[in-house]
Amino acid sequence: MVELIWLVPALPLLGFFLLLLIGHKVGEPGSGWIATIAAGGSFLATLAVFVGLLGRDGHAGDRSYEFILFEWLPAGSLKVEAGFLVDPLSITMALFVTGVGSLIHLYSIGYMHGDPKFSKFFLYLNLFLFSMLMLVFGNNLVVTFLGWEGVGACSYFLISFWHQRESAARAGKKAFVTNRVGDWGFMIATFAIWSALGTVTYTEISNSPAMSAATGTAVSLLLFVAAAGKSAQLPLYVWLPDAMEGPTPVSAMVHAATMVTSGVYLLVRMNSVLTDDALLVIAVVGAATALFAALCAVAQHDIKKVLAYSTVSQLGYMFLAIGSGAYVAAIFHVITHAFFKALLFLGSGSVIHGMHDEQDMRKMGALRAVMPITAGTFIVGWLAIAGVPPFAGFWSKDEILLAAWEQKNIGPLLWFVGLVTALLTAYYMSRQVILVFFGKQNWEEDVHPHESSWTMTTPLCLLAGAAVVGGAINLPLVKDWLVLEHFLEPIFHHPHHFSSGTATKIALAVISVVAGLIGISIAILSWLTRRIPTDRLEPEFLENAMYVDATYARVVGGTGTSAFQKTADFDSSVVDGSVNGLGRLIMKFGQLIQPTQSGYMRNYAIGIAVGALAIIALLAWGLLL
Amino acid sequence: MEITTGWYLVLGAMLFVIGGTGLLIRRNPLVMLMCVELMLNGVNLSFVAMAQQLDDIGGQTVVFFVLVVAAAEVVVGLGLVVAILRRQPGATADDLSALKG
Amino acid sequence: MGSLQLVGFVGPSVNWWALLPQIILLGAALAVLLVSALAPQRASTVFTTVTTLCAALTSFVVALGLWSDVKADGPSSSIASAFGVDGFSIFFTVLILIGLATTALLSHGYLDREEMDPPEFHALLLCSAAGAIVMASANDLIVMFLGLEALSIGIYVMIAMHHRRSEARESAIKYFVLGAFSSAFLLYGIALTYGATGSTNLVHIRSYLDAVVFQDQHLLMAAMALLLVGLSFKVAAAPFHFWAPDVYQGAPSPVTGWMASIAKAAGFAALLRIFFAAFASHDVDWAPIVGALAVITLVIGSVMAILQTDIKRMLAFSSVSHAGYVLVAVHSASATGTSAALFYLFTYTLMVLGSFAIVGAMGPDDEHPLSRYTGLGRSRPVIAIGFTVLLLAQAGIPTTSGFIAKFQVIAAAVESESYFIAGVSMVTAVIGAFMYLRIVMAMYVVDEGEEGPRPIWHWTTSVVVLAAVGFTIIVGLVPQFLIEFARDAVPVLVRG
Amino acid sequence: MVDTVVFILAAAICLTGALGVILARNPVHSALMLVMTLFGIAVQFVALEAHFLAAVQVIVYAGAIVVLFLFVIMLLGVDRAQNLELSVLPVQKWAALVFAAGSLAILALLVMVVKEPVTGAEAIGGSATGDENVRLLARSLFSDYVYAFELTSLLLVIAVIGAVVLARKPKNVVGVAPEPGNEA
Amino acid sequence: MMQLLTAQSVASFPVLNALIIVPVVGALVVVLLPNSRPELMRPVGAIFAAIAGAFSLYVMAEFSVQDPGFQLQSIQSWIPSLGINWHVGVDGISLWLVVLTGLITPIVLIAVDPHHDPKPYTAWLLLLQAGSFGAFLALDLFLFFVMFEIVLVPMYMLIGGWGYDDRRYAATKFFLYTMAGSALMLVAIISVATLSSGGQDITFNVIELAQRQALSTNTARLCFLAFVLAFVIKVPVVPVHTWLPDAHTQAPTAGSVVLAAVMLKLGTYGLLRFGLYLFPEASVWAAPTLATLGVIGVIYGAIVATMQKDLKRLVAYSSVAHMGFIVLGIFAFTTQSLEGGVLQMINHGLSTGALFLMVGMLYERRKTRAISELSGIQSAAPIFAGFFTVAMLSSIGVPGLNGFVGEFLVLIGSYETRRWWTVIAATGVILAALYLLWAYQRVFHGEPTADDEKTADLSLKEGLVLTPFLVGIVFLGVYPKPLLERIEPAVNNLISHLEDHSDYVQPDPGAPVVVERDHGSKDDH
C-alpha cells in the first residue's frame, strides 16, 4: 500500500489540471466538488499509505520508503531525484495536511459561494495541496524546496485572490517576497549541505558523518532563516498578519494549519544536522516570537488579525520546542494547532460570512444565539488553544513548556516566557470569544447574522472533535500512550527524552493550567463583566504590533526605495551617461579639430608644410638618437 | 672658401623654403603659383648640383622634365585662375573658402 | 663627329606589349578629341563613352594577357628599367581600368545632366588613367612623378569643367595649389634621393641601398620624408588630407569617385613601390612614420566623418580613414601587409565607386544633405539595399569585401606585432561606423507613411552599382581569388 | 675664387629675387622678381657646367613661363598692389614662421652635421661633365629617360586640353554674371 | 557557395550547413516575392524558418548523448590562403542554443505582425536566424567572428525599421556598442591564430587552437580580455549593459524576443566556447573578477529593474540580472554551474522571450508600456494574466518551472568554488520576486480603469504562439534531464580541459577533504 504514495500528490495535481481545463465551464459548485474530491481522495490515499507503513516493522527501520519517480536534476555528482520519502514524519504531516485540507476544501464550497472566480479558487487550493504534499513527501531538499516555493506561490495567489483590493495585492506580494528571504536561506543551506556532504537526499544526509561545527551551525541557522520566513518568526513574521487579506479558508489552511508549519517540518526533518548553538538561537527566537506575537494579539480588533498573531505566537512555541530539542513536541503541537487553529479560522470565517464580511470584533457580540454551531465549535477551539485540559492544546503546550524548562542553558527563562505567553494566549482568545459570541449585541440593525450552510459547519464540527481528542495521540500519562513519539522515533538522530521527574512534570503542568485560567479570568473580568476597565488593555503600541511592520515599511518604502531609485538614476546618469559621454567626447574632439578644416587652402598648406617638417624632424631625431 | 656642392644645396633649400613660405603667406593665386615655381627651381638647382657632384648627367636630364611639369602646371593653373577671376574678379585664395567643415 | 656617335646610339629595348594599355588609352583620348574637333556636330556622349569603354576593355584584355606572361616568365622591366612589368603593375592597371570604365559609365548620364563637355572630359579621363597606370608601373621616380602629374592635372581640369558651380572651381584651385605645393615636396624628395643614391631608378636605388651601408643617412632620411609627404598628400593621409573633403565635395561626383578610388590607389601604388620595394632595407626608419601617419589618419578621418552633414564630405572623410587602413598595411612593411594593402585598395575602389555612383545619381550635384536620402529604403529599396551593402562594407561588416580587407590589414599589423595600431584601427572602425549608420538610418528609419525621394536613375549607374555591390558581396563571401591575385601582385623590382 | 664670387653674387640675386617674389605688393613686381631669381639660377647652372640647362632656363622659364604670368596678370587686370598685411587668417602667420624657421633650423643642422651631402654612387647616366654637355644630355634623354621624355608629351596634351577647356567661355554662362552659388 | 553544400560530406546530409543556408535562401525567396502580395511574406518566411527549425530538431535527434566532442562536423576549405575554413559542428553546449534558435524564429515570425513592410522584416528575421545558427555552430574563429558581427545588421535593421519612438538612438547604440566590443576581439582572434601558428600553417580552427595552447601566459590573458570584452558587452555584464535596455525597449517585439532569447546567448556562449576553451589559464586567472561582475549584474540589474517605469525596460533589466547568473556559473567552473549556465541560457530564452512577447501583445492592445498607465489587467484578461504569471514565476525562479533549474544548478555549482559570490548572488532571487511581483501588482492587480476594462484577452492565435513557450517552461522545469545529459559530457570535457591547462582542480563535494580544501587555493583562482 505504501506504493500508492504517488497517488497522494497526484490527485490534487489532477484536480488542478482538471480545473485548469474545464473549471470555468463546470463553474459553481461543481469545480468545488472536483477539488474537494481530489483532496479527499488524497487523504484516503494517505490513509492507505499510512496503513501500509504501519504494517511495516517500526524498529527495524523499515518504516522508511523511498519512491523515485525520475531523475530530476542530474548534474555531475549532484543527483537530484523527483522522489518521495514515506516515513513516520512525512506521513504524519501528510495525514493532517490532507485531512484538514479536505475539510477546508469542503468548507470553501460554502464560503466562496457566489464568488465570480469560484473555480479558480479551488484550482489554487488544489495546487496548494499538491505543493504542500511535495514539500512533505520530497525525499530530498530540492523537492522539498519545490513544494516550499510552490506553497509560497499558491499562498501569493490566494492572498491576492481578491486582487482588485490593493491591500490584497500588496499583501500577496509582501508574503512572497518575505518568504523569498527565507528561501534564500533554504538555498544556501542546500548548497552548503551538498558541498559538505555531497548529497541533498534526506536519508543520506542523516546517515552522513557530522559536518564541521562551523558548517553545521551555519547550515542550521540558514535552515532556520528558511523556516523563519515560511513560519513567520521574528523578524520575518510581518507578512502573516497581512496575509489575512486572503479568503478565510486560505487563512485557515495555508496560514494556520499547513504551510506555516512547514518551517517546523523542515527543521524536524533536518534534525540530524542541527547543532546545539543553532538550537539555542532557534529556541530564543521562538520564545521571543511567541511572546511578541501574543502581546500583539492582545490589542487587535480584527477577528482574523487576532488569530493571525496567535498563529505567529503558536509557531513560536513550536520553534521553542525545536530549540529545546523536543522535536516530537513540536510536531505534536503542529498537529493540535492545525486542528484548533483551523477550527478557529473557519469559525471566524463563518462569523464573517454570517456578518456579511464584517471583521471588526467591536461590531459583533452575542452571536452565540444566531450562530450556535459556529459558536460552539469556536468555544472548543478557544479551550484548546487556551491550554485547558483535556483539550488537545493542553497536551502539546504542556510538553513544549516542559521541554523548555529542561533546556540546558537558559531553560527556566524560556519556560517563563512560554508561560507568560500561555497566559496571554488564554487572555486574548477569551477576549475574542467574549467579544464575538457573548456580551451585548454590537452589530447594526440592518445586519442579519445567520448560521452558515452545512458545507461550512460540517468541517467545523469535525475539527472541533479533533480539537477535543487530538491530544490523545501523544498522552504523556503512560509510556505506551505516547503513540506519536514512538511512531516518530526512527527519524530522530538524537531522540529526546525528558529528564524531569514526575513531580516536576505535574508541577509545571499545574502552573501552566493556572496561568491559562488566570488569563481567562482576566478576560472575563474585563470584557464580560467589565470589572476591570478595558480602556488600558488595548495599548496603541500593541495594536500597531510594536510598530515593527511600520518600521519595515518605512525602511523599505523610504530608505530602500530611495536607494533603489538612486541606483537606477546612477545607471541612467553615470553608467549610461558615460557611454553617451564617450560618444559626446569623440564628437567634442571632432569639433575641437574641426576648425582645421577651415576652407582656406593656405591653412591646408600648413598641414603639408608643417607635416613635412615634423616628419623630417622625427627622422632626424631618430638619427641623432 | 671653396664652393662645394653643399653650398648649392643650401641655396636650393633656401629657395624652396622661401617659396613654401611665400605660398603660406600670400593670398594672390598668381603669386602663389610663382612661389611654387620658386620651389621647383630650388629643386632644380639641387638636382643639377648633385648631378655635378655625382658626375652624372641624369640629374640634369631630370631638370628638363621638371621644366615641362612646371610649364604644364602653370598653364593649367593659370587657366584655373583665369576661369575663377573672370567670374569673381579680385578674388584671393582666401575668398575661395565656401567649402569647409 | 657627333653624327658618328649618334649612329652608334642604340635606344633601350621596349616591351611594346607592356606599354600597350597606356597606348590604347592615349590613342582613345586622341581619337575622342579628334573626332569631336573634326566632326560636323559635337560628338555624342554615347560615342565618347563607348570609345572610353572600348579602350578600357581592350586594355583590360591586354593586361590579362600580360598577367599570364608575368605568371609564366616572371616580372620584367622595360625601357631602361623605367617601366616595371610585374604582378603589381598589372594589378593596378586592372584596377585603374575598372575605375576608368566605371567612371566613364557614371559620367554618361551625369555629363549631360550637369552640362559638361563629354569629349574633353573623356579625353582627360583617359589621359588621367594613363597617368595613373604610369604611376603604378613606374620603376623610376621621375617617371612616377610624371605619371602623378598627368593623373593630377587631368583631375584638376575635370573638376573645373563643371562650369556652373563655383564650388567646382574652388575645389579645383584648392586641389591644384595644394597639389602643386605637395608635388614640389615630392620632387624635392626625388632630388634628395637622387643625391643619396645616385639615381632616380628604383631598381638601382634598391640594389644600391642593399649594398651600401651609409655613414651618414641624413640625406636619405630627408628624401624619404619628403617622398612620404608628397605621396601622403595624394592618398589623403592626415595631416595632408585637408584638401580631400573640400575637393570631393566640390568636384563632380564621377570625378570625386575617380579621385577617391583611382587617384588614391595610384598614390598607394607609388608609395608601395617606392617604400616597400625600393626602400625595403630601411623599413625600420620609414615604417614607424607610416604607422604614425596611419594612426593620425584613422583618428582624424573617422572622428571628422561623424561630424559631417553632407554625404560627399562624409564619404570624403571616410576615404581619409580608409587611407589610414591601407597605411596600417603599408606600415607592416611585409609581403603580407602589401598584399593586404592591395586587396584593400581593390575592394575599396569598387565600394567607393559604387557609393559615389549612387551619390551622383541621387540628384543635382550641388549639395548632398543627408535628408536627401530619407526614406530611400521605401521608395527605392533596391538602390537603398545596394547603398547599404556598400556602406556596411566600408564599415567593415562581415560578408562584405570590406571586412575581408580589414581582416587582412589587421592580420598584417598583428604579424608585425603592431598591436596598438591594430587596436586603433579597430576602434576607429567603430567610430567611423557611426557615420555609415547615420546614412543607413536615414534611408530606412522613416516615420510611417513618409515617402522617400525618387531620383532619376540612369541605367549606367545601375550597372555600376550592381557590379560594385555584387563584387563586394562575392569577395566578402569567397575572397580567395582576390587574395591570391593580391598576393601575386606584390611589387618586384627587376632590372632591364 | 672666381667661383666663390660668382656663387655668392648669383646666390644673392636668387635670394633677393625670391624674397622679392613673396614680398612684393604688386604681382607684376613679383613676376619680375621671379625672373631675377630664374636668371640667378641660370648663372648657377653655368657654374655647375650645365650650360644647356642654363640656356633652357632662361628661354623657357624667363621667356615663356613668366611671360605667361604677366600675360594673365594683364589679362585679368589684377596688377593692383595687394595689402601685404600678412594674414587675415589667424594662425597663418605663425605657421609660416614655424615652417620657415624650422626648415632653416633643420637646414643649419644638416649643414653642421653632414660632411658629404652626396653619395659616392657611381654615375648611372654617364659623366655629367666635359664639353659635350648637350650631347650627353641628349643621349641620356633618349636612352635612360626616353620613357619619361615620351610621357612629357602626355603631360603637355593634358595641359593643352586643360587650357582650352578652362579658357573656353561656357555656353550657358553669360560673361561675369554672378554665380547662382554665390548669390546664396 | 555551392561547394559548401555538396563537397566532402556527401556521406551524411550536412545538416549544420543546411541550418545556415536554409534561412538565407528563405530570405532571398522572400525578397523575390512580388510586392503586391504582402500577406505572403510572413507565411513563406515562417515556412523557411520552420524548415530550419525542423533541421535543428533533426540535429537534436542525431546528436549522440555520450559524445563529449563536436558532432556532425563539416569542414570545407574557404579561404585557404588565410587558413580559414568553413567549419561547423555542434556539441552539448551549443546543441540547445541551436534548437532554441530554430524554434524561436518561426514562432516569432508567426506571432508578431510588423504592421508595415513585411518583406524586409521577414527577410531580416531569417538572416538573423541564419547568423545566429552560424555563430553557435562555428568552429572556426573567423567564421565565428563573421557570424557574430553579421547578426548585428538584421537586428539593427529590425530596431531601426520597426522599432518605437527612440529607435534611431537605440539601434545605433546597439550596433556601435557591440561592434566596439568585438573590435578588439578581431585583433585578438588574429593574434591567437598568428601566434599559435609557431611555424606551422596558420589556422583559425578552434579545436586545433585550443589543443595547441601555444600562447605565453601574458599574451593569452590579453587576448582573453579582448574576447571577454566582446562577450561581456553582448551578454551584457554590468557596467557595459546600457545598450540592452534601450535596444530591448525600442525594438519591435520580434526583435526583443530574438535579442533576448538568442542574441544575448552569443555572449555567454562565446565566453564558454572561446573564453574558457581557448584560454583556460586566463579564464581561471580572470574568473574572480568576472564572477564578481556577474554577481554585480544579478544584484544591480534587479535593483535597477525594480525602479523602471516601462514594463519592457523592466524585463530588459531582468535580463541583465539573469545573465549575471549565467556569467557566475560559467566562471565557477564546476560541472553543475556550467551545466546550469548552459541550461539557464535556454531557460532565459524561453521565459524572457515569452515575457517580451506578452509585453508586445499588451502594447498592441493598449499602445503603452508605461506601468503607471496600466492596472487591473487581470480582471479584463485573466488568461493573458495567467500566461504572464507562469512566465513571470519562471523568471523569478520558482521550482517546477525552468528558471529554477538553471539558477539552482548555477548556484549550487558555484557554491563549491565561489562561496561568497553565490551567497550574494542568491539574494538576487529575492530581488527578482520583488521587481516582478511589484510590476505584476501594479499592472495586473488592482481595479481596472475604463481603458483597462477593454483590454482584450488572448486570442486563440496568441495563445497558440505562447503555448510552446509555456510547455517549454514547464517541461524543462520538471524534466530537464534530456537537456542536462546532453550538456554534461561537453561541460565535463571543458572542465577537464581547464584542469589540464591550468592549476584549477574541480572540488569534489561531499568528499571529506574540508581541511585540505581550506588551505588549498580554491578561491585564489
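Each chain carries a letter (A, B, C, D and E) given by its place in the written order, and its residues are counted from 1.
Assume a contact is a pair of C-beta atoms (placed from the backbone, for glycine too) under 8 Å apart; a residue touches a chain by one contact, two chains touch by 3 or more.
The structure presented is a predicted model; accordingly, all values stated were derived computationally and were not measured.
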Original post:
Where the contacts of chain B and chain D overlap, which chains show up?
Top reply: A, C
Original post:
Which chains are shared contacts of chain D and chain E?
Top reply: A, C
**OP:** Determine the chain that sits nearest the middle of the structure, using the mean of its CA atoms as its centre.
**Re:** E
**OP:** Quick one: name the chains whose C-beta contact count is the highest of any pair.
**Re:** B-D
Original post:
In terms of CA centroid distance, which chain is the most far removed from chain A?
Top reply: D
**OP:** Compute the centre of every chain as the mean of its C-alpha atoms, then state which one is farthest from the centre of chain E.
**Re:** D
Original post:
Just how far, in Å, is the C-alpha centre of chain D from the one of chain C?
Top reply: 28
**OP:** Averaging only over C-alpha atoms, locate the centres of chain B and chain C and give their separation in whole Å.
**Re:** 26
**OP:** Report the inter-chain centroid distance for chain A and chain E in whole angstrom, where each centroid is the mean of the CA atoms.
**Re:** 37
**OP:** Would you kindly tell me how far, in whole Å, the mean C-alpha position of chain B lies from that of chain A?
**Re:** 95
Original post:
Among the residues of chain C, which ones contact at least 2 other chains?
Top reply: 142, 146, 149, 153, 156-157, 160, 166-167, 173-174, 177, 181, 195, 198-199, 218, 222, 245-246, 307, 434
Original post:
Tell me, which residues of chain D touch at least two other chains?
Top reply: 89, 92, 95-96, 99, 103, 106, 110, 114, 117-119, 121, 123-125, 139, 144-145, 148, 152, 155, 158-159, 162, 165-166, 173, 179, 181-182
Original post:
What residues in chain E touch two or more of the other chains?
Top reply: 176
Original post:
Name the touching chain pairs, would you?
Top reply: A-B, A-C, A-D, A-E, B-C, B-D, C-D, C-E
Original post:
What part of chain D is in contact with chain A in the complex they form?
Top reply: 89, 91-92, 95-96, 98-99, 102-103, 106, 109-110
Subject >> chain C-touching residues of chain D, taken from the complex the two chains share >> reply: 106, 110, 113-119, 121-125, 135, 139, 142-148, 151-152, 154-155, 157-159, 161-162, 164-166, 170-173, 179-182
**OP:** Spell out the part of chain E that touches chain C in their complex, as residue ranges.
**Re:** 1, 78-82, 115-117, 120, 142, 145-147, 149-150, 152-153, 156-157, 160-161, 167-168, 171-172, 175-176, 179-180, 183-184, 186-187, 190-191, 194
Original post:
Where on chain D is chain B touching in the complex?
Top reply: 3-4, 7, 11, 14-15, 18-19, 21-22, 27, 30-31, 34, 37-38, 41, 44-45, 47-50, 52-53, 56-57, 60-61, 64-65, 68-69, 72-73, 75-78, 82, 86-89, 92-93, 95-96, 99-100, 103-104, 107, 111, 114, 117-119, 121, 123-129, 133, 136-137, 139-141, 144-145, 148-149, 152, 155-156, 158-160, 162-163, 165-167, 173, 176-179, 181-182
**OP:** Write out the stretch or stretches of chain A touching chain B in their complex.
**Re:** 594, 597-602, 605-606, 609
